Amino acid sequence: MLLFGLDLDYVAVVMLFCVGLYMLVAKSNLLKKLLGLNVMETAVFAFIVTAGMVEGGDPPIMVAGTSAPFASPIPHAMVLTGIVVAVSVTAVALALIVQIHAHFGTIEIDELKELP
Amino acid sequence: MTGPWAEALPWVIALPLVGAALTPAVAVRRPRAAGFWAWGVLLVTAVLAAGLVSELLARGPFSYELGGWPAAYGIELRFDHFSAWVLPLALLFVVIVPFSWRYLDHVMPDERRPPFYALLLLNAGGMIGFCVTGDLFNLFVFTEVVSLSSYALVAVGGRGLAAFAALKYLFIGAVSSLLMLFATAQLFVLTGSLNMAEVSLRLAEVGGGTAVMVAFAAYAVSFMVKAAMFPVHVWLPDAHAIAPSPVSAVLSGMVVKVGIVGMLRVYQIYYGAEVLELGAFNLALVWLGAVSIVMGAFFAIFQDDIKLMLAYSTISNIGYIVLGLGLASPYAVIGASVHVFNHALIKATLFLAAGSIIHQTGFRTLSDLRGVARAMPQTSAAMAIGAVSIVGLPPTAGFVCKWYIALGAFEANQAPFGFALVFGALFIFIYYIRMLNAFYFQKPVHAAVAQASETPWSMRGPVVLLASLCLILGVLGGIPLTFVEPAVLDLLPLWGP
Amino acid sequence: MTPDVALVGGPVAVSSWWPGVAVALPLVGVAAVSAGCLTDRWRVVALVVPAVAALAVALVLVGDVLAGRLPELFVLRMTPTLWMVLRVDAPGALYGATVAALGLLALVYSFGYVHRGPRWSRYFGFLMASLACTLGVAYAGNLLTFLIFYEAFSVLTYALVVHEQTPAAIRAGAKYIAYILVGGSLVLAGILLTYFLAGDLTFVAGGFLAADASHGQLLTAFWCFVAGFGVKAALVPLHGWVPDAHPAAPAPFSAVLSGVMVAAGAFGIMRVAFDVFGVTLVGALGVAPWLTAIAAVTVLVGALLALGQEDLKRRLAYSTISQMGYLTLAVSLLGAGVTAGALVHLVHHAFLKGTLFFCAGLWIHAGGVRRVGELRGMGARMPLTAAAFTLAALGMIGVPPLSGFVSKWWLGVGMLEVDAGIALAVLLAGALLAAGYLLPVVYAMYFAPSGTVAVRAGREAPATLLAPTLAAAALTIVFGLGSHYAGFPLQLAQVATAAWFGGG
Amino acid sequence: MSDLFDIVMLALLIATAITVARARDLLAAVVIFSMYSLTMTLVWQHRGAPDVAMTEAAVGAGVTTVLFLITIARTTRREKP
Amino acid sequence: MEVVDVRPILAPFVSFLCAGLVFGFGRSIFWRRFFTFLAAFIKVALVLSMLPGTLQGVVYVYQFVEFTPGIGIGFRADAYGMFFALVSSTLWVFTTIYAIGYMRGDRDRVRFFGFFALCVSTTVGVAFAENLLTFFLFYETLTLCTYPLVVHAETPEALRAGRIYLTYTLIGGGFALVGAVMTLNAAGTLTLAQPGILGLESGVATLAVIFLCLIIGFGVKAAIMPLHGWLPIAMVAPTPVSALLHAVAVVKVGAFGVTRVIYNVFGVELLQQLGFATPLALLAGFTIVAASTIALTQDHLKRRLAYSTISQLSYIVLGAALLTPLAATAAVLHIANQAFAKITMFFVVGAITRTTGKKYVSEIDGIAARMPWSMAAFTIASLSFVGVPLTAGFITKWYLALGALQADAWWFVLVLIASSLLNAGYFFPILHRAYFRPAKEPWPPLEPGRRFEMPKTLLIPIVICAAYVLLLGVTAEVPGMPFSVAQVAVEGFFAPPGIGP
């Protein structure tokens, strides 16, 4: 689906990525940063899914009677892995955030930097 | 045709990963057993790696198709000259792990040892996998394994600050992984394959274009972040300085090399495909390398904390390697590749020695550690050797690399970078002189420092061993070259011997 | 003038230990005073015996030379291009005998003059060592050996100049060593150039430098030599150290310094002119007139400056400058006769000046009399000393039949021989001026009223001091009267010039 | 129709993402983020990737949100201005 | 004729081993001394055992490792290397004896003697280096090994000196490295061969940069002005170190490097065509005069000696830069001549400081009465520096001046003369004070039961070194004395390719 010569999907993906990046970079709150990271991740996943999409194809799920064309299975596998990894990263990060909060009583970068 | 050892290829990855999974189970009754378990696993891994390398030397690169699918579709493990890096890697782990047995006493309670060693094994397995995979997506997966375990390892020892440093590392690392994933996907979309060799071939058919360029750029940035080159190095110093010393050694010595090895791998794809004009990229690498050297040294000068100093010097040394790669002349690339290993060795020496000193005295700044050499002569000597080595003064391992990279600079008619390299190194030595002065030639200010005792043998042994290796590889600098030279010539086939 | 002795054939070099023995003997004395185990009496013996023996050997060598032999001793080879050799030819034998004789006199004199004290051994050690080296200069067979001994005695002499260790002496010593080192360096430069040009350093009567060498380099070498030796020989712009060093040094050493050591400079110039460059080459280089001019200026300026000196030893020092100028003057004229005269003058002047300094020392010894004005009436109180002084003064002026007359006569005759009228005029003017600066002293001693100045000296000195003085004075008469006998300086001088000027 | 659905969905995605960025209340941010994830699920479903969509619904919208909520419970709910 | 022989590598290895043993077992005085002496004598014996062969033109080689073809660590005992090794290994023995006496009761002697041995090991390594890489390897190691010796006192002053020393020498090392790398790139080899490995085909600009880099690199240690700044400051080191630094190891290695560059990297013919040597010679000449002039103004004894060293080292550089056989002879010889004379001087100054606590020229009035043997030795050494015949210094000056004349550069003769006079100007006042000035206060008396002015361990090296200064001047020609070796070396430098010894 094109709009003004641009593929709308890609435009959206880029915008999401930018929003995520903005959150990661500009927000002082660690949780907000992490949310930003997640937004970025989903944006990239969305890109991969979109890129792997074949117009009019079926899902790459093998059931009897499915016939080509179907969406390439490999990008989907990549995304699946990516989601798992993303959750792991998020989990680790959240654990760290909890630790930081326990230790310093804050999860704001601004305040953490002022600590001795 | 493959020899018997080729069958060991999947095992060399699987062993540490499985070992990691089993660690909590093994150590359920005696948490301390985790350390011995991890060591045993790594020892076997090292033996396997040695076997693989011998196979490589005997018969050249070989592949292994997981599940028996042909390379283009299935998952291919490939053992080529770059994969030989797994051997020193495993060996370094084998040396570092015994150091951590006693070291961890002060760092963490016993019950946290099993996860620690599990993470360490995970890290090792990830790196080994990273080196032997012939598949771009697996490259990403293993990168993530390494990265995740590294984030956790940074935080594992300490509480607040360590967690903070780890989080910083995590944020940046995750973004870089994301870029890598993006690039991998992009390449797949363009070529329909994830096998590196296949991608390289198909890229040649697809031809150049913005999409290829974008993918390449994403890879490059991603690996630069992993390698902590100058503008994107910010995550490194804190993470490496705060982590427990064995972890620092692993991170600084090996994990950052994931970026380098990855860059070489990806470079190989593009170089083979000849779809991109890599000259500009090389030039960028050279400049970034030179700037990294100088900036790393510059930051290090102002550090009082010895581990921070070492961390910053990693940035400089990565600068060497990148500079050497960017120069793209045989000698330079040889030098850079050897430095990948030598720097790991040297950094491990330094971090372990620094760790020993911190462990025994409880202090970590130069001003507190004055006169420590008298109390801990062997460790300090190792530290001194490491310092001399990292600066690249003869007759140490660091010199060999500096020599080759400088030679490469002149070979590539880039004399100014040769000068930059040499004098950047001297710049670095300025802060190591401070360290040596403090250790050797100043009066102790703390009684704890003056009365510190040498470390137990399980800690001292690895340090002394590594330090001796630094010296031996300085004199017998040719040994790593036997591995590296064919790899380099493999990588850049246009160069004659 | 024709030489009295004509030699049949050239002198024959023979290997001999005697030159070495002569140089080594005084060193025995050095060893004796350095060793702490000897009693004072034995030390004196150990000093005197070698000195006497050295004189004897020196005389034996004179005999050898007169018999037509060149005793030669190869000392050592340092590198393939550098070696030391001693070889006694006629001028060397002449100069060596003079050194040995005056050295013996000064030694004996010193026993009475130098106070017993911590510096006693040092004085005698250095005196003997510098005598040994001066003998070495006399017997040197090549430029390097010459330089080595020349530098050695120059440096050793420093200890004697500063012997008194008064501020004045130390200042004089500093001045002396500075001059000498600069001079020595110039000599070294000359030697270097010589070696570079000729590939050899051994003295050859008639010179060994080839005339076809670069003119500029030859000239450079020559002037290096002249300037270098000129410092020692006290040629006028380079004479600055002389008037300071002499008064500062103890009198016996002043005598040796003035008598033989300053002469070493002039001797060096002779060696260079006749044994290195050769008469022909020096003539061809066209340097002789310049040298003449310098020498003439030296003679006159030295004498004129001597006139104004109130300090007796200073006056004598300037006199030395003037007298040594004759030697250079003679060399510059490149005539056989005048050169013979110069050699003779070298010897005669040594004893004359020796006597004068001995006398000056006696007065200092007797009561600290240093100034000419203080000598009034001294003739009456110290008649022997005064007589010796008078005799030597007259000899210095050139009054017949004293030795000074003989040498000046031959100088004068030689000058006429080469038509050097101006030189003759200088010679005569020098003699006149010598009368001008010496006769007032004599006058003061005998004829001036002694009322105004408190004279502390009253009695003759002990025999150890007086005997050498008188002996030296006697020698002036002996040399004057017996100058034409075989074995006396004149004959040797003629043998020397015969070799230098190609047998006359 | 399909295009319109896409456009609405994409707009919704961007809107939720921006809301997440702007929300001061962390709890609200997390809840909106889970909405964002669910929207994304719908988009992927529509892109012919139901497998991915299901995983995202379970893991991205589910597990992640829960983890975030736990964290908020153990730390703080408000972002400092 | 080249002979494969293990001795060139054994010689540095012996003292390396010794260093290890000293570090390991050095807490016991006996073992420390035992190992040090054993190694010193073995080393001298090793070097001497090669001497007859060297005199007959045999070159002992030993290739240790080769990284890639043309790049490796190799040892090669040619005549010039032998000469240097001979000097350094001999002097090690004396310095060790002296150091034992000097460091008695000092702190951290294990470290001191260990690094001392390492220094000598590297020095001999430099002497026997077969190629520029090996040379550089040892050259830089030497820098590091001397550092602990320089800062031995561990005072802030010493630390500062050490820092300056390292800064200078390491920056120099950097230049040397760049030069070596460029050489390899230009010539394809690093072997220090006769007659040089570079050729005009590399281009004049490249050659100029290489020359500049190598000369700066080695010139720092050779203390050519304006690279000399570290040397006077490094005087805070203990005296045996100063002696070792200034007479044997560090500075000589620099000078040795410069000569190697001139004769074995570039070669005489190439340099004559290029004309690079002339500015170097002028710089050396300038250094000779300027350093001597500065020395005149120094009151601190060791500083005066340091400036004297700077001046003397440039003799070697000058001799090499004149590119004539005679000057080369002088350059080679001066390595030994200056070493022995300067080491004597430092020994004496150290002995004075140890015995009386005096460090300044103005404090030593009349010391000759208290320390006659030392001052006699000092006198001999200073005469040698002035260039008085029959001393070692004269031989140098003689050949150097002849070499200058041979090179048609007579103005250097003037430089030499000026330098001789300046040498006299700063040494003779010392002698004058020592001999002819009355002591300001009574000197400390001899320790009871002692016959000589100081412990024999201090005195013996002084006397032997001084005697050797004389011996070098008097019997330089005797086969086996440095001169004969130097001649073989110089023949090598100037022999047409293929005909060399």
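Going by the order they are written in, the chains are A, B, C, D and E; count residues from 1 in each one.
Methods note: a residue touches a chain if its C-beta (ideal position, glycine included) is under 8 Å from a C-beta of that chain, and two chains touch if they have at least 3 such contacts.
In this text the structure is predicted, and so the values were computed from the model without any measurement.
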Chain groups still in contact once subunit E is set aside, others held in place: A, B, D | C
item: Chain centroid nearest the full-protein CA centroid; value: E
item: Chain pair with the higher count of C-beta pairs in contact (C-E, B-E); value: B-E
item: Cα-centroid distance, subunit C relative to subunit E, in whole angstrom; value: 44
item: Whole-Å separation of chain centres (CA-atom averages), subunit B against subunit C; value: 86
item: Mean-CA-position distance for subunit D and subunit A (Å); value: 10
item: Length of the line joining the C-alpha centres of subunit C and subunit D, rounded to whole Å; value: 117
item: Multi-chain contact sites of subunit A, meaning residues that touch two or more partners; value: 34, 52, 97, 102
item: Shared interface positions of subunit D, touching two or more other chains; value: none
item: Residues of subunit C touching at least two other chains; value: none
item: Arrangement of touching chains [line / ring / star / complete / other]; value: line
item: Contacting chain pairs - touch in the sense defined above; value: A-B, A-D, B-E, C-E
item: Residues of subunit E defined as touching subunit C within the complex; value: 383, 386-390, 395, 397-399, 401-402, 405-406, 410, 413-414, 417, 420-421, 424, 428, 432, 435-438, 473-477, 483
item: Residue ranges of subunit B in contact with subunit A within the complex; value: 137, 140-141, 144, 148, 151-152, 155, 159-161, 163-164, 166-167, 170-171, 174-175, 177-178, 181-182, 184-186, 188-189, 192, 194
item: Partner subunit E, residues of subunit C touching it in the complex; value: 76-80, 82, 144, 147-148, 151-152, 155, 159, 162, 165, 170, 173-174, 177, 181-182, 185-186, 188-189, 192-193, 195-196, 220
item: In the complex, subunit D residues that touch subunit A; value: 3, 6-7, 10, 13-14, 17-18, 20-21, 26, 29-30, 33, 36-37, 40, 43-44, 47-52, 55-56, 59-60, 63-64, 67-68, 70-72, 74-76, 79-80
item: Touching residues (chain side subunit A, partner subunit B) in the complex; value: 21, 24, 30, 33-34, 37, 40-41, 44, 47-48, 51-52, 72, 74-75, 77-78, 81-82, 85, 88-89, 92-93, 96-97, 99-100, 102-104, 112
